[in-house]
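Letters A, B, C and D mark the chains in the order given here, with residues in each chain numbered from 1 onward.
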Amino acid sequence: MTTVGVGMVGHAFMGRAHSQAWRSVGPFFDPPLTPVMTALAGRDAARTGAAARALGWASAETDWKELLRRDDVQLVDVCTPGDSHAEIAVAALDAGKHVLCEKPLANTVAEAETMVAAAERARARGIRSMVGFNYRRVPAVTLARRLVAEGRIGTVRQVRAQYLQDWLTDPASPHTWRLDRDRAGSGALGDIGAHIIDTAQFVTGQLLTGVTALTETFTHERPLPGGGTAPVTVDDAALFLGRTDGGAIATFEATRVAAGRKNALRIEVSGSAGALSFDLESLNELWFHDATEDAATAGFRRIVVTEDAHPYAGRWWPPGHMLGYEHTFTHQMADLLTAIAEGTDPSPSFADGLRVQRVLAAVERSAAEGGGWSTVEGNV
Amino acid sequence: MTTVGVGMVGHAFMGRAHSQAWRSVGPFFDPPLTPVMTALAGRDAARTGAAARALGWASAETDWKELLRRDDVQLVDVCTPGDSHAEIAVAALDAGKHVLCEKPLANTVAEAETMVAAAERARARGIRSMVGFNYRRVPAVTLARRLVAEGRIGTVRQVRAQYLQDWLTDPASPHTWRLDRDRAGSGALGDIGAHIIDTAQFVTGQLLTGVTALTETFTHERPLPGGGTAPVTVDDAALFLGRTDGGAIATFEATRVAAGRKNALRIEVSGSAGALSFDLESLNELWFHDATEDAATAGFRRIVVTEDAHPYAGRWWPPGHMLGYEHTFTHQMADLLTAIAEGTDPSPSFADGLRVQRVLAAVERSAAEGGGWSTVEGNV
Amino acid sequence: MTTVGVGMVGHAFMGRAHSQAWRSVGPFFDPPLTPVMTALAGRDAARTGAAARALGWASAETDWKELLRRDDVQLVDVCTPGDSHAEIAVAALDAGKHVLCEKPLANTVAEAETMVAAAERARARGIRSMVGFNYRRVPAVTLARRLVAEGRIGTVRQVRAQYLQDWLTDPASPHTWRLDRDRAGSGALGDIGAHIIDTAQFVTGQLLTGVTALTETFTHERPLPGGGTAPVTVDDAALFLGRTDGGAIATFEATRVAAGRKNALRIEVSGSAGALSFDLESLNELWFHDATEDAATAGFRRIVVTEDAHPYAGRWWPPGHMLGYEHTFTHQMADLLTAIAEGTDPSPSFADGLRVQRVLAAVERSAAEGGGWSTVEGNV
Amino acid sequence: MTTVGVGMVGHAFMGRAHSQAWRSVGPFFDPPLTPVMTALAGRDAARTGAAARALGWASAETDWKELLRRDDVQLVDVCTPGDSHAEIAVAALDAGKHVLCEKPLANTVAEAETMVAAAERARARGIRSMVGFNYRRVPAVTLARRLVAEGRIGTVRQVRAQYLQDWLTDPASPHTWRLDRDRAGSGALGDIGAHIIDTAQFVTGQLLTGVTALTETFTHERPLPGGGTAPVTVDDAALFLGRTDGGAIATFEATRVAAGRKNALRIEVSGSAGALSFDLESLNELWFHDATEDAATAGFRRIVVTEDAHPYAGRWWPPGHMLGYEHTFTHQMADLLTAIAEGTDPSPSFADGLRVQRVLAAVERSAAEGGGWSTVEGNV
């Protein structure tokens, strides 16, 4: 087998991003398995058909279960809201399809646990699964992980992580499914907080073991596109402090009301011998401070992460030619295809997704209890 | 009376900074009262005499109580470690001397309360008191306060405050009185955390009403300059989340182990109509985002705060000529002298200092209790 | 006709970039004409065939002239070194094919003039031509042009333009065709200097009328990949000053030996009422200063150019999701396809390319004469 | 002798800056000679007397020649406009007074030459002279010079120097003596261009040997404060390219109409093994790129130049406490006093001032001739 048929569920923002990555991975990464964009599943026949044509899928289905029945689909790519992840992913794995599932893995720990169990069952049969924390594959973030692992910043002591957006600053900004707890699970916390939890755990190689948290909703009702209003049942902002299994302490902030900050996923890791700093709004840069340098010339270095020596970058353009948001998905597809071809486990695994989900649950628990310490079950 | 005799206690880092300010305030601010650098008090006769000569004080005393007895001293400037603030300041006020007291106001809430009481007694007799939160008078910080008060960022929703230093990153860095709880009260928390608490309360015009906190000490013993080691009995880093009486939420981090960050007092305030951002390492800049601007041209503006239109700046140099750390003290002296001359209350008051002290106490309480919610007594 | 068959010549760096753009323009821009990646032409059969497969071209040719004979090719995309542009482009236009030609338009003014003549002949028959100054379509650059045109910075007075790279800093860096005057025309000047000349003329809407210049080569011989060395017959760096037909003055620097600068195409335009500043290393940002703002809050604004209100950005991702280098080519293809479909002239035209070529020639003339003033023929 | 009596001529902007430095040098630098602020000379008795009191001078004179006659004055500090520098400095030196003269050294090469001759005559008698290029003593600039001299960036190849201000952007901005060729010599060129010429020559250790230049005046008449208008007879902006005696090439821009740039003296030096970059608007930072570092972690480092290991910084505050514009003058006074005490030649010398003056003359010559190459007499 040198190709893998892909069936994707969902064709909104994530579906568009994944489609571009499936299109691009071949020309730039020459993976051992060539993906074939076989089928797109959505609920509405007309809209799904149009999306399939626009995004380059060979066929369209109005029931995602059809993908599981098709022999020409070997990999299911789940790009739906979080409330349907568990059902689709478990069914796909049990049907013998490899699964790539968007983040957060699920809306609850219980769902995530069933997914991990399904992934383990499937793994025994050589079926692979991966959760889509795409920011692990920003070259600067992958490089940060590498530098920490190589000991370049010594022992990790502190993490400061923020994910700042501002699209809900204006109270007149319309309601969406992302503001409905039943669909989205939580607000800023699950949507973008999940990203910084995973990024922090990935870069440091440590797991959060406990948190104290506070969440807030500033606007409680928002206009519906068609008129009228709907209640906002999720958080606008979630703040929490944490401790890791490696002895580090951490601050986290996820917010959608940070006026003027568009997509500022920021993480700084301070160690006993140096520090690293990253901001997704400047995604081609990693800042590195080597505390062992001579004091006269020490300072944070702005590494432009586009060299052949950097993760992924050499597959694209000559040094200095910037990558963007979408390239993280292409990197993800490249690594997933390689893992499937080589019979290894892709990363991040569903278990990694569960480890994030458990932190989200601990945050919600602490916030509900007014900030008491909340242990992250399973990470301790 | 057109002059005021100043007696200063202490001649270490703060004493040097205050001396420069007392020397500079006349030429640049032409205050209604001219300060006379009358006497410097210290414990060691030789060292105090040498310091007096070096720093420009007309005489030296080895007992600060002598300052209270001298008729040529009308203002006592307290630049000693926090454990002696209460005794000196209360005695000076009761002796009818105006008092400028370095921050933090005291090492405990109880001490701070006695100081506030003394300040109130003295005030009834026309005696003024001020606590030295000098960063309120970085022109960019004063401008930030003005813009918030004018409503330029709308309703304040979030504060993110950090004070990052790195001088304790290296475990071999020597012990000092600042690492001894008996002298310093606390570690990063009281030393630099106090600054960001005051700055946040000043810029937003809101008080913290409760916190949840976590503190950590990474190095538990450090070498003494003369040989041997001493235990570190204070925190290296203090993290906390808070709520304000105006409905805002906040994150705070004070640390002395943030490798590569030298003096990064950073505060960002997000409101319903804009945001402000400041970093003490770039102290001549304030970043302002006006969310009511057209989306095509909106963005954080880098305001170089050296214009005549900006607080304090016009008294120094033409626009674009940068100020530094020390100028904040000169601004403080100018405003204090004006308040004394005009018979008004200088700001920040001892009561403002107590408001910070109460937050520090709540943070320590929460940290000791593993992160439970801790109400800030008196601010609610 | 709803599709257009594209035949591309060349499959190195530019060929890869254009291929990605031809693949991406449909899904994101839904252009009125759908491009079909019909044929790729190269010199070596095996390498061209492999490239065609890798990059997504339906067939391969070893003689670019075959493209002109094929009925299924209506557009020829010229991605070869500059010395072959004139021959290919003129032949393609005369054969009735639309032409997109990479920059610089040609290696000499004379060649460029024949190309403009061919473009005019073709235009009379409804055949379109465009030169590939892709940086005009960085959203931030397009926005800069719009703001200048709207008068937001008043009368343009000064331009400071730099294109700083560092890949030739090391004398041991190998020889390439780009260092051979016969193939490349010139060095940093024609390769990256051409970009800043075009960008400056585009953003300001003004043409350079004269220059004074200086060029330098620091390393005169470089190793060949296969062993031995070859002489460097082009400039490492080119500096020039200029005047425009709108009364502005300008500085230009193009260099490949600016250690640590990877791809720093920087342009700042100062006007009587404001200024704009851009750096390709931060390509999602435009800095805008409005000098008519109140002095207390004026300052350069960092505009994150990813909003729906910004050029091109809304076709990709939600606000705050960064674009990269390659997207400029997709924008170029979208506008070219629209122009062909609508029967309008795409921009930049071959005449625009000639206007750049004339400046390059004037720079070389001035540099050869030791810095004397050199009028830009045809732009005056 | 352990003190030196200082007599200063002029009490405008520079006089105020120098006064603050004379006041501050003792407490912070403990120089081997203590300066005594003996006398201030100005033209108007009332204004000079008031200035003397405000700035801390013990007496006032209305004729600078009186300073030369006073035995209690051993050092004359010349802070007047450039047209009087030669007369005062030559007379003072010939009268046996040490001289500190503000920059530019003079308004013409001829004047500067008479000053150098006087300095050499005086030197034979142990009398010292210095020209006030204060920016050499921004700690970051001094550090840059040191790193170049240590070979940390290899062979210097390129300099890009800018001095951008914006106070003449508005055509309604009033006339001053600085816009009058008879008083000021030239405009942006002599005022701020002189600074970047000196800084470039200082940091690189190389002299400019020839230039090609272009100057422009955008506003030809400006309002007088008292009503009416006066002609502007100097340049608003001066641009030039140059070559150095070390084989480097350089770009220079001095302008007072760069909207939004307040005091942006920027210099970047690119060498064969690294690069340095500085901006006076961020004067506590030096950016250093070491091209010999591993490609994976190389990048420009932001050095916060406030460490004990850095020039001057350790005399002020603990690391991370920022210095400002005025501190450069204090450093200058400290070094001058040390040189006088030790009987060595302070730097920059009048000869260094002449070397700048010769470049200014060459720039004016080239600009007048429409950009032809102009050799810098005496530097070749």
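Convention: contacts are C-beta pairs under 8 Å (C-beta built on N, C-alpha and C of every residue); 3 or more make two chains touch, one makes a residue touch a chain.
To keep track of the chains, here are their UniProt names: A, B, C, D = Gfo/Idh/MocA family protein.
From a predicted model like this one, the values you see are computed outputs, not experimental measurements.
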| item | value |
| --- | --- |
| Most remote chain, CA-based centroid, reference being subunit D (Gfo/Idh/MocA family protein) | A |
| Subunit A (Gfo/Idh/MocA family protein) and subunit D (Gfo/Idh/MocA family protein): spacing of chain centres that average the CA atoms, whole Å | 54 |
| Chain centre separation (subunit A (Gfo/Idh/MocA family protein), subunit B (Gfo/Idh/MocA family protein); CA means) in Å | 41 |
| Where subunit A (Gfo/Idh/MocA family protein) and subunit C (Gfo/Idh/MocA family protein) are represented by their mean Cα positions, the distance between them in whole Å | 35 |
| Residues of subunit C (Gfo/Idh/MocA family protein) engaged with two or more neighbouring chains | 298-300, 304 |
| Chain contact graph, described as a line, ring, star, complete graph or other shape | complete |
| Sites on subunit B (Gfo/Idh/MocA family protein) touched by subunit D (Gfo/Idh/MocA family protein) in the complex | 13, 16-17, 19-20, 23-24, 26-28, 30, 54-56, 165, 167, 262-264, 280-284, 304, 306, 316-327 |
| Touch list for subunit D (Gfo/Idh/MocA family protein) against partner subunit A (Gfo/Idh/MocA family protein), complex | 143, 147, 152, 288, 290, 294-304, 307-310 |
| In the complex, subunit A (Gfo/Idh/MocA family protein) residues that touch subunit B (Gfo/Idh/MocA family protein) | 153, 157-158, 160, 162, 166, 169-171, 212-214, 216, 218, 237, 239-241, 243, 249-251, 253, 255, 257-261, 268, 270-275, 289, 291, 298-300, 366, 370-373 |
